[in-house]
Structures are given as C-alpha cells and as structure tokens.
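Pasting in a structure now, in structure tokens, and then I'll have a few things to ask.
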Amino acid sequence: MSGKKTALVVSAHAADFVWRCGGAIALHQKLGYDVTVACLSFGERGESAKLWKQPGMTLAEVKAARRREAEAAAVVLDVHDIQFLDLGDYPLDFGPDSRDRMVDLIRAVQPAFMMSHSLWDPYNTDHMNTTRFVLDCRMIAQAWGHNPGQKVLGAPQLYLFEPHQTEQMGWKPDVFLDITEVWDKKRAAIECMAGQEHLWDFYTNVAENRGNHFQRNSGGQSGGRASKYAEGFQAVFPRTVDEL
Amino acid sequence: MSGKKTALVVSAHAADFVWRCGGAIALHQKLGYDVTVACLSFGERGESAKLWKQPGMTLAEVKAARRREAEAAAVVLDVHDIQFLDLGDYPLDFGPDSRDRMVDLIRAVQPAFMMSHSLWDPYNTDHMNTTRFVLDCRMIAQAWGHNPGQKVLGAPQLYLFEPHQTEQMGWKPDVFLDITEVWDKKRAAIECMAGQEHLWDFYTNVAENRGNHFQRNSGGQSGGRASKYAEGFQAVFPRTVDEL
Amino acid sequence: MSGKKTALVVSAHAADFVWRCGGAIALHQKLGYDVTVACLSFGERGESAKLWKQPGMTLAEVKAARRREAEAAAVVLDVHDIQFLDLGDYPLDFGPDSRDRMVDLIRAVQPAFMMSHSLWDPYNTDHMNTTRFVLDCRMIAQAWGHNPGQKVLGAPQLYLFEPHQTEQMGWKPDVFLDITEVWDKKRAAIECMAGQEHLWDFYTNVAENRGNHFQRNSGGQSGGRASKYAEGFQAVFPRTVDEL
Amino acid sequence: MSGKKTALVVSAHAADFVWRCGGAIALHQKLGYDVTVACLSFGERGESAKLWKQPGMTLAEVKAARRREAEAAAVVLDVHDIQFLDLGDYPLDFGPDSRDRMVDLIRAVQPAFMMSHSLWDPYNTDHMNTTRFVLDCRMIAQAWGHNPGQKVLGAPQLYLFEPHQTEQMGWKPDVFLDITEVWDKKRAAIECMAGQEHLWDFYTNVAENRGNHFQRNSGGQSGGRASKYAEGFQAVFPRTVDEL
Amino acid sequence: MSGKKTALVVSAHAADFVWRCGGAIALHQKLGYDVTVACLSFGERGESAKLWKQPGMTLAEVKAARRREAEAAAVVLDVHDIQFLDLGDYPLDFGPDSRDRMVDLIRAVQPAFMMSHSLWDPYNTDHMNTTRFVLDCRMIAQAWGHNPGQKVLGAPQLYLFEPHQTEQMGWKPDVFLDITEVWDKKRAAIECMAGQEHLWDFYTNVAENRGNHFQRNSGGQSGGRASKYAEGFQAVFPRTVDEL
Amino acid sequence: MSGKKTALVVSAHAADFVWRCGGAIALHQKLGYDVTVACLSFGERGESAKLWKQPGMTLAEVKAARRREAEAAAVVLDVHDIQFLDLGDYPLDFGPDSRDRMVDLIRAVQPAFMMSHSLWDPYNTDHMNTTRFVLDCRMIAQAWGHNPGQKVLGAPQLYLFEPHQTEQMGWKPDVFLDITEVWDKKRAAIECMAGQEHLWDFYTNVAENRGNHFQRNSGGQSGGRASKYAEGFQAVFPRTVDEL
C-alpha cells in the first residue's frame, strides 16, 4: 500500500460512475488520490437497450461492449483502477461470495472516502440494493475478526452520488464539489457512452445547474465564488472537524 | 470592519449559548475569529425559576441577575461582543423593530457562519421561533434593496446547535467539533450559570459523549482520532468544496 | 382548586371536540376527571354552511346557534366546564390578548393532560395554528416569571386528536382509548350537531374502525381484548413510567 | 364571470411565475383557461441586485423596472390578468388587509387550480410564507360566512411549482406537464428578465431535464412519449377520479 | 395480446385484493380493462385463524378453502384472470424462481397500471416485502436483456392500495377513486370471505368514509361531487400529463 | 409455562442487551417478570477488537470470552434465561433455520413485550437487520397455521432500545423508564464488559441524562418527579388503554 490517499466508487452498473461522479474521480486523481472504481455489473441486461435492439445480439457481446465503454471512460477520467465484479444485473447477485470479494476490495483499497447510490430508488432497485450491500461490506471490513491479521478499515465517509431523478429518490445533497477544471474530462468520458447518447446533454445540464447551486451556496451575488460545473453528494455519516 | 473572520450566535435566552456552543465560541476565538453573541432575551420569565422562588423578586432584578451570569460566561469564553436585545421571553417579540435590529447586527458582523436553535421544539417555542426569525433576518440582510449602500450579507452557513432533547426536536448533527482544548473554558462558563446547577453535569456528559461520537466517526478503534469533548451541529445549507 | 384530576381540550371551532374526542371526555368524566373544553371560536364563518344558506342569516345568529349546539353536546358528554373564547374563525385571532386568556385558563385548570388538533392541516389552517398556539401557551404557563405567585403549570401531555383526513395531516395515533362504555353519549353529542348531519355516520364509522384497531393492537385473534368503539390520539411528548 | 376555466398563480416576487410555471401558464391559456397571476411584491428589495448596483437607484424606479419586466413576460405568456399587490418584499406583509385582498381575488377568479411556492425554503422565507398565506386565504375563501352572499370557493388543487434548489426545499414533483409546444413563449418570457440573465440557461436546462423525466415516467425506451421541455409540480391535495 | 387496456394486482395473500382494491378491479373491468390478479400465497398459515381452529385441519384443506373464497370473489368482481403462485406465506418465498414467474406474468399482462401493498408494514412483513418484490420484478420486466425478444415492459404506475392501519404504515393516498357504481360487487366479494366476517363492516366503513373524502377533495359543500363509496391509492411514480 | 409475565430481548451481539436495556431487564425481574435474552451472535468478529489484538487469538476463544462476559452480566441483571443462537456476526445469518429457532423461542416465551434495535443503523447493519428479522418472526409466531397446535403469539409491543448514536439512527424515544433503583446492577453488568471499558462511562452518562429527561417530561421544576437514572425506548406499535 502506498502512502497516497485513496477513494473507492461502487457503481451498480458499468456506466453509473461516469454520469454520477466522473468529475469527482478526475478531480481527486488530479489532487493526488488513487481512485478505484468497482462496477458490480456491466448493466448488460437492464441498461443496454440500444445494443439489444440489434439483431442477433448475445449477452457476451453486450457485456464486452459495455466493458469497453466503461474502460474507455475510466482512461479518460484517469481512474487508478477499475474492477468488474460481473455479478449480473436486474437483479444483482449479492450473495456471500459477492460480499467477500467486495470486502476484500475495500480492505485492499483502504479508501479515505467511498461513493455509491442513493438509499431509495423505486425505478431501479439494483441501485438502492447496492448501497445496502456497500453498508454491509463497509461494516464487515471494519471487523477485527474478519480475516484477522488484515488491516481493518477505518470509518470512511460514504457519499451518495446524484441519482437520475433526485426528488423521487429522496436524495438531498449536502456538499457541492466544483469540477470546473476537469469538466472536459467528464464530458469526454460521458461521450464514451455511445449507447446512451440521449443522456449526454442531460448530465451536462445537471453539471451546469449544480455549478449555479455551488455559487448560490457560496454567497451568490454577494461575493460567492463562481463554479461553471459542479457535482452534488449526500454524506451518510457526520463529519469530524477542528474548525467549522 | 477588520479583516478578521467573524461568527454570530443567536441565543433565544441569555444562557443558551453557553450550554449549546460555548466550546465552538471559545475555540473559534482561539482560531482568530471574532465571535458575537446576540441574546434575544434574558430568559427572565421562563428560565429563571430559582430566582423567582425567592420572595419579593422583581422582573428587573431577574433580568439583571441573568445578564450578569451571561456576561460572566461571555468573558470566560472570550466572546468578542455580547449584545442583549431584550425582546422579552415566553414569548419573544419578533416584530418589525426586532427584525430591523437583528438585520443591522448581522450586517455589522458579516459572519462567516451563524448559529441558532433547532427547527422544531415543542417544549419551548421561543427556540424554534428564533430560528425562523434568524432565517428571515439572514434573507433580509442579503437584500441589495434593504438599506441600499450597506454591505450586503453573503451566504453564511447556519449551524443549529444541540437542543436539550435532541430526538424530540428532530435535530440530527452532521458535524462534530473537537472542543477538548477549550473544555476548561466551557466548563467554567457553565459554572457561571448559578441558577441552573442541575444542568452542569448534564452538559458535561453531553460533551463527553459527543467526544465519543467524534472518535467513532473519525475511525474508532481503527485509527480514529480521539476527542475527549466535542459539540455537534446540524448545517442548514449544503457546503461548497474543492476536495471531499 | 379541588384535588380532582383535570383535563383541558382546546377546540379551534365549536364542534371539533365532539367528533374528535367526545368519547375521551365522557370517559374521563366518568373516571372522575374534571374536563374543561375551550372553544376558540364558534366556527361561525367557516363551519356553518348550512346556516348561511338560510336567507337573512346574521353572524350573531350563527354564533348563537353554534353555541347552543356545542353547549348541548357538552351537557350530553358531562363536560365539567365549557368556555367560548370567541376569537373569530377563518382565521382565528391569536394575538397577545388571546394568548393571555388561554394561559390564564391553562393555569386555572392545571390539566393532567391537554388535547388539541394535528400539527399539519392544509385544508384548515385554523386547526394547525391552534396547536402552535397551544404549545406557545403551555410554555408560557410553565414560566415562573409569568404572573409570579400563580401556580405554574407542570408538564401535561398534549394529545393530538384525530383530524378528518388523517393521512393528509401526517397524523399517526400512538394510543387507542376504548370508549365503548360511553359510546351512547358520544353518539348523542354528535347528534346535537344538526348542521353537520352528513358527518354523524362518518364518525360512527371512525369509532367502529378504531375499535377494530384497538383489538388488533391488544392481541387480535390471539387473545386481544375487544373494543366496539375507540378513539385514537397522538402524543407530542414522551411518557415517563416505572413499568413498561 | 365567464364559463371559461380559470387558474390562479400566486408569485411572491414579480419574476417567480416566469421561471417556475411560465410553461403551464402559456399552455393552459392555449387550452382555453383564463390564467391570472398575482405578484405579491415586485421583488424590489431582495431580487433586484443588478438594479441596485446602479448609482442613484430608488425604490420607485426598481419597482417600476421590475413591473415592466413582469408585464412584458405576462404578455408573452398570454396571461389573462396580472395583479400586483405591492405588499413589499424581504419580508412580505401578510397582515389582515393583504389577506382580505387575496381572498377577494381568489373568489373573483374562482380558479380550477392554484399554484404557489414550495412548503419549505430556508434561503427565502418569503417563498414558504407565501404558501402558508395562500393556504390561509384558500380556506377563508371557502367559508360561507366570509362576505356572505359572495360565491364561495370550491376545492381547487394547489400545485407547488419548482423551487430553485428542489432537494433543499423538500419539494418532490408528482406530475410532469409537457410544455414543448409553448416552450418558445416560456423562453421569450424568461428573456424579459433582463436583470437575471444568469438564470436564462439554468431554467432552460431545468425544462430540458424535466422533459427527460417526463419521458422516463411515461415509459422511456419502452414506448414512452417524448417531451422536449416539461415542468414539474407537487400537488398538496389528493385527486378525485373515475378512472386510474 | 389483445388491444385492450390491462392492469395487474399483486396480492400477498389470497384475500388482500378484495378488501383493498375490489372496487378498482370491478370498475376497471366495467371500463373495458382486463384486470389480472396475482395471489402470491393463499394466506394459508397466517390469515386463516378461523379454519385452523377447527380440529384436524390440514394445510391442503386450508389452501383449498382459501382458494375457493378468492376465486368466488374474483368471479363476483369480474376479474379477467386470477393466478395463484403458491409461494407460501409467513413468510413468502421470494427466491429466483418466484421472481422469474412474476416477471413472466408482468410481461404477459403488459399492465397499464399495477397495484400492491404499502411500503411499510410492521405488523405483516409479507405485505411490505411483496411491494419490494414487485419493484424488483417491474424493473427486470423493463430490461431489454431479460429474455431478449420478449416485449419489454413500459413504465406502468404502481398504486399502493390501502393497508389495514394506514397511519402505522406511513401510507398516504394521493388519489381517490369513486367506486359507487360497483359497490354492490365489492360488498358481495367481501362476503365471499367467510373466514373474516369481522372485517365486512370494517371495510364498508372504510369505503363510506373514503367516499366522504372524495367529496371533500372535489369541492365539498361548494359544489363538490358526491361519492357514496370510494377507494384511496398512493402512487409511487409521478404522472405525465398534457393538462393539469 | 408459568403464570408470570414474561419479556424477550433480542440482542444482535452478546453485549448489546447490557448497554441498551440492562436497567429495564433488572427492573422487570424485580417487578416479577421472567425476562429472556436472546443473543443472536457473540459479536465475535465485529465487536471484539480488544481480544483480536492479542496474538494467536482464535474465533473459538473470542466466542468463549464474549459468552462468559454476557453470562456474567446476565447473572448480575437477574436475567431469567439467556440463549445464544450463535448465528455468526458481521453479517448475521438470518436464514430459514435461524428464523425457525427464533419463532420457537418467541412462542416458548410468550412475551408481554419484546425489545430489539433501532430500525436504521448505517454503521452496523446487523442491528437494523435484526429488527427486521424480529418483525418477521413476531409475525410468523402469530400465525395459526405455523406449527398448528402450538400456542400462537398475541401482539406484544416491540420496544426499540437506544442505539449508540440516536440521531443518526432516526431513533426517537417515546417512553422513559426510571431505573434508579436497579442502577447499581446495570453498572455492575456494564463492568462485566472488560473488552469495552471505554464505554462504561459513556453509558453511565446516557443513563444520567435520560434521568434528566425523565424529570423534564414528568414536570421538571414544577413538580416533576426526579429520576437519577433512566432508559429510553421507542415503541413500534400503538398502545391500547382505558385511561389516558
């Protein structure tokens, strides 16, 4: 393990990390973090409509195509490491083996912070089930009696990244991150998602409007700092500080 | 206006700032802030039972006694400035004059952050009404058309400090502040509250247990930083950051 | 003041106490309590449609008619005392005078428990504003410095009685009271409300179904005690007990 | 009163109706409704920063400028009638006179539905206070004893339009309205707001993304109807229907 | 697949669909829908107390008896198709096989809307687990990669029908459906439930009182449409409309 | 089965019952109840850091040590019976066998009330999963068709005991129990927890401060009964009473 700070993003399907926290990834890489992305599935069954509409398509081809897209996006975002757990999707398999693999990964990475989906998502239960799974695995990784001798996990913050319809998911951001300086990378990563071109502008709009919220919360017309592009996150745990 | 950072605490009754954020005040003074405390009332009618049980007690005497206690506590905490608005208590008077005075104070202080009570308190409606009043005044202080020419307010965070029964008030802390190095000052300020001796140990317990929570959230037995005494706060607005 | 236990019901409009807690009133009178009902208004403007549809109707006549109905219902329910504060309705006047009168009444009654409306009611803001008013007055009545020398109020429970559309009001009962033995009185009181005959069966249905809920929560088919008629209440404050 | 269907939008400040429901207004005008807009204030103090930064600006000039903008936008949106109540802003005056004027207006319009702000807004208490005021006035307008002889109000739905930071306001849309066919009008109305040019693209983004949500909820890639621009609303009251 | 509109009701136990949405079923059949009911279990273990109290009763007999009741009720309600998945109850088996069968059924029916239980039910976890299961299956049925070639599901609304104690379940209706014209069918279906005679009048009361709520929300005494019997539902997803 | 009243505490890990409801246990034993404690696991993996830091430690030794501590505490608290289900921890095994054993235990005990963890706990999902498991088992134990012939369960209250960070768990106490007279036993039981000495004073502070809350809610300075030590609980179900 290096002395570098690390972060771990857990993405239910291959593309989630791009839309939802691509800026945070690129920015923290730039800040010197090693950011690992864990894709639990390729989204091969539920999030690849465009591919399945092609005649003769097979599951293996869809998975390969989705993997290529995700890897390309990871390169653009300077992701330190991307892991594909291939747990299947719609629904994901969260059995004991999946759990052990995820706990191993968490312990290997020893993240300063983690990221995953919103706590509620009636449109896509893979998303909310992933977050429950992440909470389970975070807890196990903290247990001194789990694989004794391994370095146990501390208490990394779990940030919930922005879902597609925030209000329906009961998601409320409590921190906005300025991603202006890495926006080009995020847009380039988004454009790796050939199968979901209808979302490129959607998430550009999101980033612009979160930039407006950044400025609004940093003081607005009374001296607030501008941000052209931002991402929002909801923290699960309280922060511990020496100055407010 | 100096170039120093400033903060403003709005306390419904004279003693509230001591129990609820005395540590934050002393700590931020030490960090170089100028912290102003605004006591909307002396708590002369509703929070001075011990005094009223004395025969022949008058309102003026109660107010004077409570003021002395608050001033003594302010000295111990190194408060930069303490203002008594004398709005009466049980209930407080939140009329236009009160509002104008509070807006003037906010603009004069230009706080980097503000503090006040929880959003709900069925035991003491003065508390929750104060927070609504603070939100009103913060908004007015931001208006370019209110006393044009004055420096308008930016977008300071409003921290809600810990109420007496947190769960009944729907208050949930999202930040813990380590106050260990100024604990002696907070305890000394607490002991200025001669009329509420039954609460001295109560709030010492609170500070110790919040210290435990600080450590729990900073990593616990897996490398978390210890804190012997802490205070918890709930932020009303999202934060804006350049690193998570 | 006698040594009897007392209770105080605060009803925004003249008839509210009948539909919402007529059973609790009659039952506690039978149990030896002195129950006082405070009607803040007659519901003369907003809850007297049937009267206003009569040609030539005047405000004074509506108030008198509503008063007669409420007094008749109070007699049937064995109400110890009924007070009409005549604060007007739609909206109610909650000014300083109203407040002082209500605080005086609370102190005079020294209730073991109080009752009022739900905390939220978008259909009828008089209802929710009444509960905020009651919380204000309860707090003032507890203040040693309000009219020093008077007996201050303890910490009576505030029960929120059942609103007309429970789910829209965010009202959730945490206690069901068996009113079977006084049901005849409640039904008779309900029938005093000549102007709202369309609600007689509605509230009979409510009482029957709450009786079913009573049995369900006391053990249902596995030995639960039956109740033919019940009322539900939501407590604002925690209880203090020596046995669970 | 004509036999046409009507609607009433209550806007705390002059420009609110444009950003938040300009599409709904233009669309319902096209559908044959008469839509009335009530601007409680001009936003002259709190929402006119750009004007106040001009040297020598006066309150009267700001109000006139804001009125011109709002009137121009109303023309573009085909608003049936726009009323300026001039209640002052930051804060608004919600006294008895304001209330009587609003009740009169509601009764005159007899709206099939009403619109106003979110129930919570810690950034701008004028907004949430307006909605409480609207609920009060809606209730009074329903009272047979308020100005007897006037036609009383039925039970129009109250839609809460989209606030600037939805998640912070606890606002959750339960209906999306396709405004594609009137988008040009909304954009043109938005461009009447010379003083807030920084928001033109923000609300264009919102409309585009709500269009995506419209499609997502109408079936998405599995036959959902496309919408290029949409607006979201939260209903306060349940609907009553003969078919789901 | 015919060109008719369809609906799918998912009932944890055999009788649930009768009490909770029997009116909606009969009404939509009358409106030309084909309504399919899926009973996940017969409620043979947990909801058949009366049968089990008979000496010598067997599981097979209980299931047969409950099936007969449910089928009889389905006939009375004109149910298009009733399916018994026989997953066991207390608890239900929600394993992969159950899931595949439910997804197949959803795709076969292609419902315009679906119905199931409330999201929370501490009394009966079968109920809330069913709704989570329905959300899972709805998502899978939408996946282009699940059984490629089959017609994928659109985005049908999921209505949550009324639980036995609405407030304890956190259930809040946002739509009331007038079932007056099919009430006789619902009552007849209810009377097929010989084992739960104690609930016949309970759910008649519910229907009458929801009829009152229907009228209250459609305008009440000011021109609201009367409804003698109604059912309430809570929608999980937002609606998409062209007119409010 | 004796005619004595009984209670059942379900503790995810061996020590939970001591910190969270040791007072309630000792008090109800004194009141004549037979209180059974079910420890689902020993907390051997996740709550035994101090032991695992010893070189050469084995799982069996940790379990034995934790069992000894729990048994010693149970003796001090006069626990009627303590059962170790040994389901493993981090995570617990909630499979069909575990469920059957718990249902058998519930039916054997026939508790007048039950106790378990908060409904939400992002730090420790074992805790919240235990409560869901308890709700499942309580439901099954009520089923007449589960092991027909056995005595079915009534409707015991489920009290949620105090978690470590109440506000983060969304836990809100609605009853405070005075445990002053058995405090010595609770403190002695706490001191049996050699491995978690850092929590001894934490939970003493909690008990003292809940004692203050007890007094506050029983009348405070206006005649409220003092309590030196108390425990708080949140009831899941409504109460059924004959007097408020």
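Residue numbering begins at 1 within each chain, and the chains themselves are lettered A, B, C, D, E and F in the order written.
The rule is simple: contacts are C-beta pairs under 8 Å (C-beta built on N, C-alpha and C of every residue); 3 or more make two chains touch, one makes a residue touch a chain.
Worth saying up front: this structure is predicted, and the values here are computed from it rather than measured.
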Item checked: Intersection of the contact lists for chain E and chain F -> A, C
Margin query: Using the touch definition from the top, what's the fewest steps needed to get from chain C to chain D?
Written below: 1
Next item on the list: Compute the rotation angle for the C-alpha superposition of chain C onto chain E, expressed as a multiple of 5 degrees.
Entry: 180
Checklist line | Relative to chain D, chain with the most remote C-alpha centre | finding: F
Note to self: Taking each chain's centre as the mean of its C-alpha atoms, which one ends up farthest from the centre of chain C?
What the structure shows: A
Next item on the list: Call it same or different for chain D and chain E: same when shared residue numbers make up over half of all numbers used at their interface.
Entry: same
Check: How many Å are there between the centre of chain A and the centre of chain D, using C-alpha atoms for each centre?
Finding: 36
Next item on the list: Please compute the C-alpha centroid of chain B, do the same for chain E, then give the distance between them in whole Å.
Entry: 52
Next item on the list: Check each residue of chain B and list the ones that touch at least two other chains.
Entry: 49, 123, 142, 144, 168, 173, 213, 216, 221, 237-238
Note to self: Which category does the touching pattern between chains fall into here: line, ring, star, complete, or other?
What the structure shows: other
Margin query: Show me, using the given definition of touch, all chain pairs that touch one another.
Written below: A-B, A-D, A-E, A-F, B-C, B-D, B-F, C-D, C-E, C-F, D-E, E-F
Next item on the list: Under the touch definition given earlier, write down the residues of chain B that touch chain D in their complex.
Entry: 99, 132, 135-136, 139-140, 142-146, 148, 158, 236-238
Check: Residues of chain C touching chain F in their complex?
Finding: 7, 24, 27-28, 31, 113, 142, 144, 152-155, 157, 159, 173-178, 213-214, 216-225, 227, 230, 232-233, 235, 237-244
Notebook entry, point to check: If you look only at chain E, which of its residues touch chain C in the complex?
Noted result: 49, 123, 164-168, 171-173, 198-199, 201-202, 205-206, 208-209, 212-213, 216, 221
Note to self: Going by the contact rule set out above, which residues of chain F touch chain A in the complex?
What the structure shows: 44-46, 48-49, 52-53, 57, 59, 62, 89-91, 122-126, 168
